Amino acid sequence: MAALIHKPAIVQRLKKIARKRQHARQHVGAAPGTIFETPDASESDIRAQVCGTASVEPVAVSELGQIKQLQQQQATGSTLWIDIQGLADIQLIVAIGQHFNLHPMVIEDVINVGQRPKADIHDDDYVVVLMREPCGGPPFDSEQLAIVFGPDFVLTFQERHGDIFDPVRKRMLEGSRRLRESGAAYLGYTLIDAVIDGYFPILERYGDLTEAMEQRAIEDPAPDMINEIHLLKRELLEMRRALWSQREAINVLLRDDTALIPDALKIYLRDCADHSFQLLDLVESYREVAQGLVDLHLSSVSNRMNEIMKVLTVLATIFIPMTFIAGLYGMNFDASSPWNMPELKWRFGYLYCLGLMALSTIAMLIYFRRKGLIGK
Amino acid sequence: MAALIHKPAIVQRLKKIARKRQHARQHVGAAPGTIFETPDASESDIRAQVCGTASVEPVAVSELGQIKQLQQQQATGSTLWIDIQGLADIQLIVAIGQHFNLHPMVIEDVINVGQRPKADIHDDDYVVVLMREPCGGPPFDSEQLAIVFGPDFVLTFQERHGDIFDPVRKRMLEGSRRLRESGAAYLGYTLIDAVIDGYFPILERYGDLTEAMEQRAIEDPAPDMINEIHLLKRELLEMRRALWSQREAINVLLRDDTALIPDALKIYLRDCADHSFQLLDLVESYREVAQGLVDLHLSSVSNRMNEIMKVLTVLATIFIPMTFIAGLYGMNFDASSPWNMPELKWRFGYLYCLGLMALSTIAMLIYFRRKGLIGK
Amino acid sequence: MAALIHKPAIVQRLKKIARKRQHARQHVGAAPGTIFETPDASESDIRAQVCGTASVEPVAVSELGQIKQLQQQQATGSTLWIDIQGLADIQLIVAIGQHFNLHPMVIEDVINVGQRPKADIHDDDYVVVLMREPCGGPPFDSEQLAIVFGPDFVLTFQERHGDIFDPVRKRMLEGSRRLRESGAAYLGYTLIDAVIDGYFPILERYGDLTEAMEQRAIEDPAPDMINEIHLLKRELLEMRRALWSQREAINVLLRDDTALIPDALKIYLRDCADHSFQLLDLVESYREVAQGLVDLHLSSVSNRMNEIMKVLTVLATIFIPMTFIAGLYGMNFDASSPWNMPELKWRFGYLYCLGLMALSTIAMLIYFRRKGLIGK
Amino acid sequence: MAALIHKPAIVQRLKKIARKRQHARQHVGAAPGTIFETPDASESDIRAQVCGTASVEPVAVSELGQIKQLQQQQATGSTLWIDIQGLADIQLIVAIGQHFNLHPMVIEDVINVGQRPKADIHDDDYVVVLMREPCGGPPFDSEQLAIVFGPDFVLTFQERHGDIFDPVRKRMLEGSRRLRESGAAYLGYTLIDAVIDGYFPILERYGDLTEAMEQRAIEDPAPDMINEIHLLKRELLEMRRALWSQREAINVLLRDDTALIPDALKIYLRDCADHSFQLLDLVESYREVAQGLVDLHLSSVSNRMNEIMKVLTVLATIFIPMTFIAGLYGMNFDASSPWNMPELKWRFGYLYCLGLMALSTIAMLIYFRRKGLIGK
Amino acid sequence: MAALIHKPAIVQRLKKIARKRQHARQHVGAAPGTIFETPDASESDIRAQVCGTASVEPVAVSELGQIKQLQQQQATGSTLWIDIQGLADIQLIVAIGQHFNLHPMVIEDVINVGQRPKADIHDDDYVVVLMREPCGGPPFDSEQLAIVFGPDFVLTFQERHGDIFDPVRKRMLEGSRRLRESGAAYLGYTLIDAVIDGYFPILERYGDLTEAMEQRAIEDPAPDMINEIHLLKRELLEMRRALWSQREAINVLLRDDTALIPDALKIYLRDCADHSFQLLDLVESYREVAQGLVDLHLSSVSNRMNEIMKVLTVLATIFIPMTFIAGLYGMNFDASSPWNMPELKWRFGYLYCLGLMALSTIAMLIYFRRKGLIGK
């Protein structure tokens, strides 16, 4: 009947959700496009890789020159993928952004993490997709990920180091020609798809959690379960915020016309859109179930109260008449008057009195049984 | 006053709903279009049938060659219907898909069950409709069903073996010329219609269930009825998710232009759309009723509490004054002083005392009656 | 303080709502356009009438030939109105439908009652409007009514016999030239208008009912009033379902272009649309009020509990100290020790003891008064 | 702690809201465009006025001829404003309507009060705006007002006599050339604006009322405050219904193209639309606040219950052990056995017993303090 | 366990929200475009500044002539920014407005504060953006700010003196060429951006507040916490009203075509729109969390009640049987009969009696432990 998550842990997790939000905008009054160092930004780890007919291992990048060199060697039809993990090395990241002609506002969005997921199409130059990359859960955690792709390059900016793209890289090296040769847009799509797929196991776990809470709410409702329900609702709310905007972003890619996204890619993007809709739909059902849990909980609190009151009522009302009878025959009326408490002098007075008590108890028990207060 | 469904059974059914969801996406990081064997997939049972002027019995198919053969014999205007029940034989299913030029993403959707209902029109080549085929309820259960139709073929992929198409097949054999001769789109519509019709008896039963729960909530409210209400809400939520997307899918068929769906078919599809709207409308009303049941339940819990408290209050307050009086005359003040408890020495002291008690009881009863605590 | 409607009656009315729904679709797997005999269909009573310059009484129709004859005699500009009440004579009804070239799906919708209200425009051939004709309330009851009008005919199919069109027929006979001479579309509109007008008195009565329930919830709240509130919500929900679709149907008539509905008629239809919006708006406010009644009710239940508890608390806490004092001086300590209960031997010991009790009571009363538990 | 509005007054005001609705449609089955005498219609007071370069006082009108005369004298560019207050003189009103070529349905709407606010543009002939003119509140009261304006005339039909147009008339006479010379549409707009402005002070008062109720709910919650909250919600609901449709009506004027509304007027109408949106926005926030009051109220009811229970619990549990001890030493065991109640014979037995009681009290008080039941 | 904000302070803050609203419209019946002196308007402080290639300090303006002079000296491509703080000097403000050809309605909106945020594009002449400038919070406070920009000028009208534009002015002077040279629209955008950015720290603080309330609701729920939750909901509601309209206003700027807003600026405005969407999204989540707090609170109130009842029940039911036993042996039956209370004469009668009491206590404790009322 005890809570599974203790109050301090719940408070801790609620605080974590709140802390996430504070990254969003710290420098009020700064010029648009201004970039700030985030104090606790992860160290940058930049890897570049030309994806074409040949399978090429990614190389670590520490200066812009290396990228320029790779571009010169880049064959037509191949794609240069620069994966930036950790945003501490602002100077180099800005330099890369400017080298690929990104708009200052885009560079700002990419580095100042905490943006809302969105997709912007900058004519036929490049497409920017801001996403929330899931890092695990419950407790649900996410970080910002920006995917920028142009005619022959893909840039990815991850807030922290992560392994979400490892399966993609592995497939590429292991020989997926389609992945290597289909160009930047297809690579971009594959990365978006990987991010969205990353939500499924987390949602599965939230599904399990919700189900477990339903089970407990039904079988063994704890009085402070509402705290856990509240936490669940909060985390689902946070997830919904990420997924909602993400779905909008993918719809923008589907809807808007740009030479960067060929029609043949649209069927893949539509699949992505379906999946992000499915995720949102799942989160919405979990939210509805969590709201139903509140009703279950409040009802169980009331039922427990009823149980307590029933115990008190049954016991008290059985003993109250008996105690009264005992008090009655404890009175000190002068027995010299024949009218005063003659029962006291009866030979079987005590037994008569006990019988009276038993009778009142039986009457009470019958009454309670009829009222449904005791018995099956 | 006991619950109709016991807690373990409720938990069991809630778990079943949850398990359904886990099919959806198990292989994060896989390439798009990758197909996985579902461990517990039903064995494939494939039947092909040419529907034309002549009435032809379906033949079991175990290799692609048989299908090619049927196609060669197929007369103009006739339709080849391949019905695949159970998706275990992935190789053959993929081969069939590829033979009919289905996009790899379509083949993936068709085999990796747990997709959201949707309809996609691939130009004038083929139309894909993913649906949730109802398998019974309550408890509501459904499986994925994909209907693909092109100019002269219809493919159906059912997650498990089922008899939902038996009436259609029977009508075809028994001589419905319209069904045999109207082409693939009409056959496709007929199958979609059969699936949607399959929801009506289930919803009827949910209607009966909802009504029965209303009756119990009014006539004989059990303290743990909230669990059953929660289960009902959960199953309706699940049904709503299926029906909502299904309605959207049919609207896509109505809205989009493709040579595969002739105008004459639109009136039939509109009928389908009406029915799926009606289903959704019913589910939404049941959901609203179920939410109203929560109010009924919470009110009945409170009323029961009131009843318990009333019993305690009436009994306690009647006996409390009497017990006090008894206690009073049980005191041991030295009766030698004429001021000390002279009642004890009265000839009718005891009767006077009993009269006092009776008086207090009568006063209390009158008070309670006025307050409305007892009596009609 | 008793409920106005008893539980069995409430359950009865809830069941009636549920039963309505079961008409909708009984023959799963049947071919589209299939028509079934409804076991409890009302006997058909068919009346035909030519509305033109001359005022013609309706004639009873028992075979198609009579209708053909009327059509041959029909003057240009006049309208043939065939009013079918009761749908038992399926054969004749189907024959009439086919005679006027109705699509098989339309004939199905018209006969298989329980359809959702809708309007379909079949090019310039005919317009079909399915409605829910109100039969009275509370308890709200409705039946299906289909109005089909073409260039020179109006067909009406009523589920049961009813008098909703009597005022129209009366106006026609009494000389409304506009009604007789304005053609089929105007007659069709008049009939639609009559149906919508039929909702107003019912809603008026629901308004009165809602108001009466508000009054009772405020002045004399019964513990089981929630059941009546639930019933009210259910019936309003049912009405809303009918009215919502009906409003949509009329908007379709307003929006879509067809030669059958001349522009001059649009202002009348817009009036109809306004009224159906007004009805929906009323139902929605009643629903909101009914939801507010739930709050009123739950609050009154809690207040009653508070009242009960107050009685118990005040009485118990006044007597508890007095009973204690009585018990105290009922102890049997050996009075030979001067330290043991010297009060017992005081000359005014009893009076002192009674004074103590009075004091404790007064203290309690003052405390309760301050706390607001007793007094004004 | 008492309610500010007594139950009978609340019921009275709820009834008044309900009565308003019954005006809407009393003559089911009547032909469209039929006009009925409202039994309690206010006597008609008709004033006509030519607004042009010269400032002309309004003249009372008692027959159509007077209006015709005014029209003949009307200079180009000037506007004839006929203000009809009270709709009892149906004949003259219908005559005026027909004289200005109003459609029969418009005349019906104007006279049969209780219509939903709406705007209809009859090509370039005239514009009809039906509004709810606020008459005061709380309790909120409104009446129907129709404003019809054509190229050179404005007709206003008020349900009852009112002074809402007095400021406009005053400004006109006092020399606002713009008002006199800008034509009928500008005058029409000014009147619409006056009606919308009339809602602001009422909403201000509802704001004050809501605020006062919040204050009471926080500082001094009465047990039957829920009734007043319900009344507030009802009146706000009624106001919302009026304002919602009114906003839609003004949007119709803004959106639709008609030569009657010149572009230069659009900026004024947009201002009107802003204000009606603002009104609706205010009503919606008040409604949300009122819903929050329900939570405040239910919480205060529960808190009061807690307080009552705390008093009972603390008092009962302090005295129960003491009473037990007193009972214990009131037992009559035969003191001749040294094992039977030796305390009774102790020299300081009574003091020891009192000490025991004090001890149990102190223990209880410490326990309650720790539990937070008593003390700060 | 005490409230952090005391009731009077809560009432104070609720009143402040209400007072804000009363500014909106005080002069019912006035002509549109009429300007009124607000009694408590802040004194006007007007500063003009030419922003171009050279960096020019703002000069204080006290008459229109100064502005005209500045305009004559204004180089092509430079922007004249007139910042008006405090709206008391109506005459001068109106004169400035007229000098820049603002429509009378615009001048009215700018001076009569309390308008809903909105954006109006007056062809290619000027753009008006009405906003709510945040002044701090919690408690949230805001004032009206109007930004008007034309081809070569920007006018800002602030309700009260404020420093929200100081960072912009500083950046301009410190050398941001882009800010000085990009023209009026860019400057206008920068100011809008500054206002929107001003909301972020306030929302951050509301986030902290919400989080703190969650923590308290979980760890130390006070009985009157609902009042603080209500206050939080009210302030968030107020913020939502401002942010909702503001987002709409920025969308108008993005959507509508005007030569005043070049395409290159659209990416910046889109960033603004994103941020205002993000703000609204944050407010909406806080509102949802606050609603969840109500559930937490109500549950904690019920739990506290349960705790109180448990204490009462456990104590009462333990002592009730013991007290009964004590009463039993306090009866005065005549011991001369061997059947009357023989226990009293037993040698170990007293110990037997105490043992009975201990037994009943142990039995009760075991029962309570099993029921889960005491212990773990």
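The chains carry the letters A, B, C, D and E, assigned in the order they are written, with residues numbered from 1 in each.
Heads up, the rule we're going with is that a contact is a pair of C-beta atoms (placed from the backbone, for glycine too) under 8 Å apart; a residue touches a chain by one contact, two chains touch by 3 or more.
This is a predicted model, so every value here is computed, not measured.
K.L.:
Return the chains shared as contacts by chain A and chain D, ordered by label.
P.N.:
A chain counts here if it touches both chain A and chain D, which gives E.
K.L.:
Pick same or different for copies chain D and chain E, depending on whether their interface residues overlap by over half.
P.N.:
Mostly different residues.
K.L.:
What whole-number Å value describes the gap between the mean CA coordinates of chain A and chain C?
P.N.:
So the centroids are 41 Å from each other.
K.L.:
Report the inter-chain centroid distance for chain B and chain C in whole angstrom, where each centroid is the mean of the CA atoms.
P.N.:
25
K.L.:
Give the residues of chain A that touch two or more other chains, as numbers and ranges in rising order.
P.N.:
298, 302, 305, 309, 312, 316, 320, 323, 327, 330-332, 341
K.L.:
Provide the residue numbers of chain B that touch chain C in the complex, in ascending order.
P.N.:
Going by the criterion above, the answer is residues 166-168, 171, 176, 178-179, 190, 193-194, 197-198, 200-201, 204, 207-208, 210-211, 214-215, 218-219, 267-268, 270-271, 274-275, 277-278, 281-282, 285, 288-289, 292, 295-296, 298-300, 302-303, 305-306, 309-310, 312-313, 316-317, 320-321, 323-324, 327-328, 330-334, 337, 339-341, 371-373, 376.
K.L.:
Which of the residues in chain B end up touching chain A in this complex?
P.N.:
Within the complex, chain B touches chain A at residues 1-2, 7, 10-11, 14-15, 18, 21-22, 24-25, 28-32, 103, 105, 109, 115-116, 118, 120, 223-224, 226-227, 230, 233-234, 237-238, 241, 294, 297-298, 301-302, 304-305, 307-309, 311-312, 315-316, 319-320, 322-323, 326-327, 329-332, 335, 341, 343-351, 353.
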